[in-house]
């Protein structure tokens, strides 16, 4: 800690969707975990001076700034939390680590493997000096998923054989929905595969504690042209992706992600089938885990709001459900706890790189075989 | 507003369960509704100086105090939010209103009808001076229930005929669970009926916009003696209660509340059946509303996380669910909006009194008739 | 058995809804339980000679008849299965028992207590001669409910404290739906209370193995006038009914039945809460039972299609679900088994009478108390 | 029809699982659809004279036989229904068609492509003489799936883009479960892929009305050795299979089948995502279809028991659910209706062949790519 009062100064870079979510976590983490090092919301950083100043006041920050490099020099900033778009992650994160700041980077780690590898190098070097880093896969902090990982680790479902994981949204179903930066490869890097698939692959590694060793998959763009500001434009990223993965523990995983799944708003569904049980989760019912443990015949719907379940003792009595944004508070708390204990938080930048290596291998894979079926003379 | 900076100073009295929940709301309301008057978390009040000081720091308060009367005199306090146990509500709330402070009182309004009526008198007088008051039935701010009320008000389910409402918990199932202040009439006033039934009755009035005119009901204590600190003690409140209500709009409501409903943690379930549709809700799945509207044959599961649904435009993209504690942020925002517009917030103290009048009538009612069935000669 | 071939001759009286369902059971029972006495579908009885003849051929009967009294005299008829409307039950059933035939009577046992008592007398007398009788509460033969009863009897949920039972349909929601015999007291005896409430009360007695000793309730008709063939007519039965029951085992039961529950087609829902567990069932998901047993914290969704569960070993492999009409096949099998073992089948006519005594007591009970709430000056 | 009485004589070959299910259909079809040609359960055929005789009596057959060739010569047999194991299908079906009998063959059509093609040739030739044939994919007769197909055909979900289909069972989870003929390639032909995948591929073709044109997939055996009668044996079929399919209509389908999905008994789940809606089904909740139609935002749970839905007008009032075996009665009725109208029933033998061509292409496909992820120095 940089200051005599023992309070950690935090800077968040970015004040859009993720900057707002992370700000809420820094506001709430002290109430959630009073025993952890106290934090001070020191400075919010953005490009537009007026807007970032207004955001800072509303989101609980003491100051605002438009100069992230200057913020890295400040003695009253101990933690830098990077919430800007992916193509800016590498530059800021590497500089922050070099400046001796602990760093959190929102997922995905970077838009390219080259950048991600550079970040891993910087994190490894910084680690030797006691500087900590983490990538923000917040779904590891969903209580139900943390509980699921415990059950797997404790052998409650036996040896994991088969995993079904899908992350389905529907915001691109309408073919007249306009072109945007998210649909151009140069700005977004990837489509559903990178955005949703990264969460899915991280969960596979997290829940199983295994590495992905082989992949076969494909991506597809259903709506290939959309209206842009200057006429129709080509969509250059995928709308959906599919893959089967094999892990070093012998499990087979089927993965499917899509932005065209009509009726699904934010549905990350996971089934883990083991030799002695199974687990089931859906992000749209974030407080529930279906558990079939220790050779049981059927699954139990567990409402994950009990004080003895992960992250729950800092909140409310049983049955008082949490929301999506609570996961960021849990993430901030886990990060602070690692700092307090002088340990490296997880997931590491290496974890972030591993996810991107799997995604890239999926993009490169995939060969289909033709099938020729008879032309029936009768109507089906 | 008392201050030149146009920022409202808030004091919360109480820092236990409800004090923590309300503190979170005051921390978050600016991020949720930037366009509303800004608030300053001025002072947290409690009886134990050291503990309330520690709580104040962790929950985001500038100061702490052990003297609520002194706090009422402060010019930098505009809003007093009363989160202490029910038997202290009347004294503090009446004094705060007389001191010219806007007041929020956690539900139930008071433990006795006499106290509740006194509070209504004070609120009516204060209202003539532009001083606002509200009782904290936070479930009115569950987005799914606010949406349900809209559908009823818009006639989407026609004329409401039949309502089923139950609020079931299970924390008293174990007959060896110890005696506590909540199980003594002198301290708690009532058992499941007052604690859970108050939410249920408020929802009936809120959703239907109708008054309860007749009741028939009963209460019951399943475990009548529990281990106390000095030996076994009598339980003097109800474990469960049942009632049928009739409203001035011609609806019939069945109500059931219990702390003995094994397997249910916090299950407030509501079915509203109308002449052209129906609605269904369960607090354990807080982000969902089942809607059967406009004469439809079957119910649709609506995930209430769309930006055009109540309270959702201030949060996250579709499918990113909220938790139980977000309702307090909504409540704070609604209160601030009423202040900003010079209007009386709802639910009013009169609403709080009406709920208690219904509950008391339920306690007084109930006559059962004997049935004599044949003693079959065969085994059933 | 009357014949040398050891095959039981069956006659069904009535070929409408229930006659069709019972005919299907007699067709299928041999395939379901090959080890039971074989049956022969001897004769189907109805009033219209042409229609009953056509029905007999399609429903698998050897003959048809329009004279039920003559059928009672036939030596090749051993079992008489009464599927006509309730007001005809007593006459036919008593005559059949006197003629020495084993008798099944569709529920409810009769339309009046006087008739039901007469039937009980006849059944008791016949029993002394080895003549068997049963009332057709087929939901006792839903595998999930039979399993539920086992769990209760085995103490898996401890002492039963609280039961919630509702039977909701919606076929009368439309206020322009025409008048019919079911809505006139003289022909139907009762409305939702008799039709749906009888199933509900029978389930309470069946699942708990306890007698109802006290009731408090009410009935209500939401649509009091409906279009008849000769202009608008008064509806003289209830659309819905509510009650709380107390049992001789100390349980409290809330009961609600309705034909106005928009969106519910045939929803018999049962929650049984005990001191060590709970059970949950919905007839619209007939193959599922939610079980929370032996002090477990949460409920497990059991798919009741396993060969070791009640009635399942005669059907298909796990996961192959049964339908509503399979319950009649189970009922026929249970009846045949009782005959084979020289025992009285259940539920007995006494059981049928007990249900009607409870229903009548509900109709006679009910007193509501007025509530006067404040007229708020503010809008709610 | 062969006889003067206008009644069709039926022979079923086989009296095990499928023979029992088909027998039930022939018993019930007259009650279900009185307007169709009447049938006579003439003869049940099996290898063991005593057992088939006993089965015939219990399953409603007039006679039994051990000589299927002799049965094909009988003038009182019009329909031959083949329920024996797959490797016997071709010989019996071809002979029956040549003998001028209408033929139903249980799925899959045959164990090899060569046999299946021979059967298609025989069916085409017979068709020119007015002899009809059908393969028994009974899930086309699940009312909810028939309704789903209607919605797709009517354009209610727009252009189909993405389909998720899985068929999961768990009867092989236990690695000590014994070896059986189903786990040897020579007798079973295939494992989960053939058994479960055939239903899945048929549903894709049925629901979409499209042909599969490309596949990429893989199969896997998790438990490769199991205890046999003479010691441990190699399992020579797959436990699970995965594939992505492309159709001639531009849809992408992900398919997963398994006998190792702990906790799933018979779960055929289907999601169909279109440009204007989606559909969802699970065989374990056979009477439900989730529909999101005509651009709706969310899905409605439709209880498929309304008289205006497919197959329902011949059964019971709304809300009275059907079981798995009712689908065979619907199948028999559809077959009889085609005969009555002089049309070819569906699915045809060509449909059966098409399914097997897709399955074989899946078995031949599949190439995985290695992924090398970093070895993190920190623990995950």
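Read from first to last, the chains carry the letters A, B, C and D; within each, the first residue is number 1.
In this text, a contact is a pair of C-beta atoms (placed from the backbone, for glycine too) under 8 Å apart; a residue touches a chain by one contact, two chains touch by 3 or more.
In this text the structure is predicted, and so the values were computed from the model without any measurement.
Student: Weigh B-C against A-B on C-beta contact pairs and write down the one with more.
Tutor: When A-B is set beside B-C, the one with more contacts is B-C.
Student: Compare the CA centroid of chain A with every other chain's and tell me the farthest one.
Tutor: C
Student: Measuring centre to centre with CA averages, how many angstrom lie between chain B and chain D?
Tutor: Here chain B and chain D have centroids separated by 54 Å.
Student: Report the inter-centroid distance (CA atoms only) between chain A and chain B in whole Å.
Tutor: The separation of the two C-alpha centroids amounts to 35 Å.
Student: In angstrom, rounded to a whole number, how far apart do the mean CA points of chain B and chain C lie?
Tutor: 41
Student: Mind pulling the chain D residues that touch 2 or more other chains?
Tutor: Those would be 264, 296-299, 303, 306.
Student: What residues of chain A sit close enough to touch chain B in their complex?
Tutor: Interface residues on chain A, with respect to chain B: 17, 20-21, 23-24, 27-28, 30-31, 34, 38, 54, 57-60, 169, 171, 264-267, 283-287, 303, 305-306, 315-326.
Student: Where on chain A is chain D touching in the complex?
Tutor: On the chain A side, the touching residues are 120, 124, 127, 157, 161-162, 164, 166, 173, 175, 205-206, 209, 211-216, 218, 220, 222, 240, 242, 244, 246, 250, 252, 254, 256, 258, 260-264, 271, 273-278, 292, 296-299, 344, 346-348, 350-351, 353-354, 357-358, 361, 364-374, 376-380.
Student: For a test of understanding, state which residues of chain C touch chain A in their complex under the given definition.
Tutor: It is residues 296-303, 306 of chain C that touch chain A.
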